[in-house]
Amino acid sequence: MTITRRHFLKAASAGGAAATVALATPAPAEARTNKLMPPKALGLLFDATLCIGCKACVAACKQANGMPQEVSTPERLWDTPLDISGKTLNVIKVYQHGTNAEKDRETNGFAFVKKSCLHCVDPSCVSACPVSAMTKDPETGIVSYDKDACIGCRYCVAACPFGVPRFQYDTATPQIQKCQLCKHRMPEGKFAACAEVCPTGATLYGPVEALKAEAKRRLAMKEGDEAVFARGDIRTPYAPHVRPAAKYLQRIYGETEIGGTQMLLLSGVAFAKLGYPDLPAQSYASRSETVQSTLYGGMVAPLVALGGLIWAVRRTTKNGEAGE
Amino acid sequence: MSGAAPARRIVGPFNRVEGDLEVHLDLDRGRIASARVNAPLFRGFETMLDGKPPSDALVLAPRICGICSVAQSQATAKALAAAMGLAIPDNGRRAFHLLLGAENAADHLVHFHLFFMPDFTHAAYAGRPWHGRALQRFQPGAGQALVAAARLRARFFQVMGILAGKWPHSLALQPGGSSKPVDRGERSRLRALVAEFRAHVEEHLFTAPLEAFADLADRSDLARFAARHAGGDAALFLTIAADLGLAELGRAPGPALSYGAYAEAEGALLPAGLWDGKAVRPLDLAGLVEDPAHAWMAGAALHPGQGETRPDLAKPQAYSWCKAPRLNGQPVEVGALARQLIAGHPLIRALWADRGSNVESRVVARLLEIARLVPALERWAAELEPDRPFCHPAVPIETAQGVGLVEAARGGLGHWLTVEDGRIARYQIIAPTTWNFSPRDGAGMPGPLEQALVGVPVGNDEATPIAVQHVVRSFDPCMVCTVH
Amino acid sequence: MKAQPIGGRVVTPVTLLLGLLVAIALYLLGKRFLLGLGAVTNINDGFPWGLWIAWDVVIGTALACGGYAMALLVYVANKGHYHPLVRPALLASVFGYSLGGLSVIFDLGRWWNAWHIFAPAYIQWGSVMVEVALCIAAYVVVLWIEFLPTLFERLGMTDARAKLDKALFVIIALGILLPTMHQSSLGSLLVVFGYQIHPLWQSNQLLPLLFLISAIGMGFSVVVFEACLSSVGFQRPLEVPILERLAGILVWLLVAFLVLRFLDLAVRGAVGAMFASGALSFWFWLETVLFALPVVLLFKPQARARRQALFLAATAMLLAGALYRINAFLIGYETGPGWHYFPALSEVLVTVGIVALEILAYIVFVRKLPVLPRAH
Amino acid sequence: MHQDPISTLEAKLGVSRRSFLQFCTALAATMGLPKGADAQIAQALAGAAKRPSVIWLHFQECTGCTESLLRAEHPTLEKLILEIISLDYHESLFAAAGHQAEAARKAAMEANKGKYVLVVEGAIPTKDGGIYCKIGGHTAMELTKECAADAAAIIAIGSCASWGGMPSTPPNPTGAAGVNAIVKDKPVVTIPGCPPNPYNFLATVAHFLTFGKLPAIDEKGRPLFAYSRLIHENCERRAHFDAGRFANEFGDEGHRKGYCLYKLGCKGPETYANCPSILFGDVGSGSWPVGTGHPCVGCTEQGIGFAKPIHALADLKNTYPPASYPRIVEDQGQGLSFGSAALVAGIAGAAAGAGAMLARNLGRKDDESDKA
């Protein structure tokens, strides 16, 4: 027993476990911190208190992105996606409780919420993707997908904390599908279709900095006061929507969550109830990449380990019994 | 006419007029010495409009009146369009003309059949040779012509349904045009409805082609027409008018004005102008004021562009909710008569030259207007171009002024709009009956109706003197418009 | 103690049954490639990785760690007396890894692009998967090279064998390094999942180490398990003395694992979660009991000589390692409420077919090639 | 010989039996009454032994309500009021003038005490003692109270009479209020709308004549048959709303194509009325505000019509569109199926069995070694 233990410990110290040692003692100096918001980051501000659930954005998104119909009802008359999917990039979901008496109230109320890509500042999907099919634009920060690079491993699907990238399971040539903020419409001078058609300004498009300032302005408003809400693109808005300010939770979702997102959300109902979990400020991408860089930074640890192993194997196989 | 002592009498409420009306009469030897016209209803539209977004005026202002709703809508739309500097597309213009023309033609029809003519079925006229026929045709609720006219109007107002949805208080009229694009099928239906209207009035009212009546040039033509087409209701009226001397009744001295109507590229069907009693002069509204001297309103006489509406119940000399509009210090008569006069129609010019504005000429002018409007309606309907725009988008206004002048059935209607900081800062309305039924002004000058009533005979046993009713109704008053 | 082919018939009812299972799997895979993954599997956007990844790749390669574990023991710890176990372990590893690598292709949606993961122009070095894929691919090659001597021996290619032997120490060194890297990285794969992995299984720093230790433990156990199986299946004696020592190593490895596991849970404040996570608590404790079972069974040195105890302990360890991986990848993967996943019948049949192929190939190989040590 | 009452009516009204029955069917349909009710209505309307007396009061109004009734084609209002009901006081239509009319009203009230129907058109100003509307020296408040006292039923026609309507637009300079602000001791059926749809009024009257009682009403006094559904629910442009196709401005492309008018301020989503189903003016499809390209202004809804700016967007009152919304959590993915569960269980069982066999086998060998 003592012998075997000693043998094992020796084995461990002999270089084969150099990596093992490195695993247990991550070097803080190499820890990767959250990535920062690109300077010209574009995004969306979704204000659940303004959303009326008209689903104009769902329809417009389908049209703008050439996505097929998705039917969930027995009648098969309407495009009725239950969630975002390989056929749907954006849905409006409803939160309901009790009697549904009042909008944006948690008890006996209801609320609408948009589900689409949040365009994380430090996206898990980009960090997970092994073949650079998921990329984050250094300028606009739009997280986009390249089907020609993708191998279809679905690591992005599994990794995204919001469950955004979706895969097509019903075709021999599947792709990942996710909102790319209508970047294909930008050369035509158009912006995100969801914000373009939103009748109330619940989905507002623009530079993240401006949207954040707008979100803060809304949080500072007094409930019931007449308030003016921009519609469309915050830089060149359509005629504003005027209505009394709602009661907001004093929180901008996406401001800090896993390093921040480029889609920000405001709501009167707790975000966790709307399918937006409470998340820490440190991005998961940075955690994962810290572990990786600690172990494999510059391939130093593996090479040292390999050297040790070669020495050890050479020593034990000198008598020529290696192949047996 | 037995009593010679001066007497006072209050006549009202009036039936078969739109809204509430009271007339205070001072009698002298069986005739009216002076009259005071009171509009006893006040709603305060101008106050309600203050501070509202300009586009709300399109919803609120037209609800002043359920009779001339289209005219009110057009006045609002025009005031807004003027403030926005917006022109409307050809189709929009045609739709506007069709709506206003149809409303005016139908109004004249209803006024004649349902409001004015039934007075001649009164028992006081039992001995007259035409009384039996009047009863047959215009007995309230049962007369053939009256019932047929009501049915015709209901049918004809499908024009409103097609072009503007519901009526009254249609919402389709916008500053930039009409919100309803007309397709080919709808255009055909419009043309059929106008044709149906023409057929009906040609068959029953004129018993002659409309053009035959429109072409009449003087009083002798009129007499010949009455003789030749004696079976028609128009002829019946002319017979009655001649018998009762209605041309002598309810005379008002003028002047008269028209804001002009149905503008087209080649000029308006009914041009604008001021009739000074002899000739048409260009219309200049710089000298226009609304004088609240005898109204329960505070403030001084001001141009409607600067006007205000503040009730003041404590004014001793006040007797009406209606302010007195005056142009260059004078009361002015408005209506179909004024329009045709200024448009230079020979028959109306001739009637004016004869006895000026009176019960007969006012009614003849309306009949003439029906005869002249229907062919124009036919043309506008035919000219609608289904594939071209009916409306231009509105433009936001921050600070601007605009005036919307329209000829409603009862005469000139004006909306004066001031927008400041994107909100309505002032909205003043002068309706046709405001002109015609205005009270006295600061100088003590009575309004047109008050003038027209002077000298009208009043029987002692008459609670509501029949002659007074003829005079009042010849103006086709709309009291709800008068005080808004 | 030279190895030799054990001979015997290749076509037997057992191999025929295995062949049938392989054929079914091939048919289903044809369907998958024509109609898409959804036609055969139950994976969905909530559980984009199902049985094929969790079992065929993550568990499959761990089960194929016998070669790695033995190499570690023989070549690094210089324990030559374990040598008779190396070849059979290596053979199992060759099949396990080759088929694990192949299964990945079945699971890739856009498999025709699979080469991108080896092309520097595409590689995204921050991705844990790059490291896993590169190491597994390289290790499959290394395993086949390591296995070449056996082939050369059978074919009588002594020259080639001699030449290979000279360079083999580098290959062997790589054959130890690569599994160390990717078996740990299979754990690192989960770090980026963040909150989606239940606190009972998520851990930033220790996931790689825990996966590595359990993989080595499974490697040792699979050697013991296979030896037991072969001894019964091929009516051969069992090398009890060697296995006895292996069992000692396993016990201490597991003690280390359990200490680390619970320390990690304690440090992360997940102690409460052990009891308060409903069904997940059950799975956690089942997994933990299975990990602890070999320690209990083999703690007394005299117990390690008993075949039954060895077999049961090895089985428990393999189940523990497998359940740990299933727990971390599927059961403890909290993708968001509302999502369901259980492998489809066809999905399971493909996995069964792959396992069948592995067993079939093992049977064929040990009958035809000098893999198993000569019987006394 | 007993004559069929409908034939009598046919003769009296000068309308054909067919169009009269059509009218009754239309009224029954408006009220959503079951099959057979139309015949009942026809019998009641035609066979009424004594025509119920109606007193029609006008206050702060524009005559629009009467006007809209005049537009109803099948029996015109004159026919209806003269043959079916006995209109004893109505300013615009009634032949008598001045004090005669006043006397007629008093006489009718006296003669039909407790049996007449009071219809009020127009709002009632309550500010400054009600001075803003006086008829024959009486304020609207006094007249309403006087006439309501002995009325069998009270119908407030139009938004003005229903709650104050247009004249009550903020700042409500005259303190305009609805009938039920004055008459508190009796139910008041309100037929709001500016103008209201004539058939909603006629159907209410027909209901009263047929069944001897007023139709079921909501808490605002509105007949449920006409005011229980949102405009939005029956709007012909609803498909455009659901598809996100909106007109952005009057006259733009979307507007010309007949897209949804929500963005122009349509109040359909918060206004209860049957406008889109029964339309106006007997013209056929599209003859209502939204049909002609103008947003609904919410004229039947207190607090919306004339109070909320036209461009202000409606608050949706309905969270259930035809296709239901996805919930935050939807069941997705394929769970345990019998086949796969059975297979997995089978494999596990076989493995466990084989393992147990193996273990026993090995145990025997252990025993053999022990003995050896």
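Descriptive notes on the structure:
For clarity, chains are labelled A, B, C and D in written order, and residue numbers in each chain start from 1.
Note that contacts are C-beta pairs under 8 Å (C-beta built on N, C-alpha and C of every residue); 3 or more make two chains touch, one makes a residue touch a chain.
As the structure is a computational prediction, the values presented were derived from the model and not from experiment.
Both chain A and chain D are touched by C.
Note on connectivity: the fewest steps through touching chains from chain A to chain B is 2. Compared on C-beta pairs in contact, C-D and B-D come out with B-D as the pair having more.
Each chain gets a centre from the mean of its Cα atoms; for chain C and chain D, those two points are 71 Å apart. Note: centroid distance chain B to chain C, computed from Cα atoms, is 97 Å.
Note: centroid distance chain B to chain D, computed from Cα atoms, is 34 Å.
If each chain is reduced to the centroid of its CA atoms, chain A and chain C end up 32 Å from each other. Of all residues in chain B, none touches two or more other chains. In chain A, the positions touching at least two other chains are 83, 239, 275.
Looking at chain D, residues 309, 311, 329-330, 332 sit in touch with two or more other chains.
Here the chains touching each other pair up as A-C, A-D, B-D, C-D. Residues of chain C touching chain D in their complex: 42, 44-47, 228-229, 231-232, 238, 240, 306-308, 310-312, 315, 336-345, 347-349, 352. Remark: chain D residues 329-337, 339-341, 343-344, 347, 355, 358-363, 365-366, 369 touch chain C in the complex.
Those residues of chain D that touch chain B in the shared complex are 58-68, 70-73, 76, 78, 82, 91-102, 123, 125, 128, 131-136, 166-167, 169-174, 176, 194-195, 249-252, 255-256, 275, 280-284, 286-295, 297, 299, 306, 309-311. Contact residues on chain B toward chain D in their complex (touch as defined above): 11-20, 40-44, 47-48, 52-53, 55-56, 58-60, 63-67, 69, 114, 118, 140-142, 147, 150-151, 153-155, 157-158, 160-172, 174, 176-177, 179-181, 311, 313, 321, 389-394, 463-464, 469, 480. Touching chain C in their complex are the following residues of chain A: 1, 3-5, 7-8, 10-11, 14-17, 19-20, 23-24, 26, 83, 85-86, 124, 126-132, 147-155, 157-159, 161, 163, 166-175, 258, 275, 277, 279, 284-285, 287-292, 295-296, 302, 305-306, 309-310, 312-317, 320-324.
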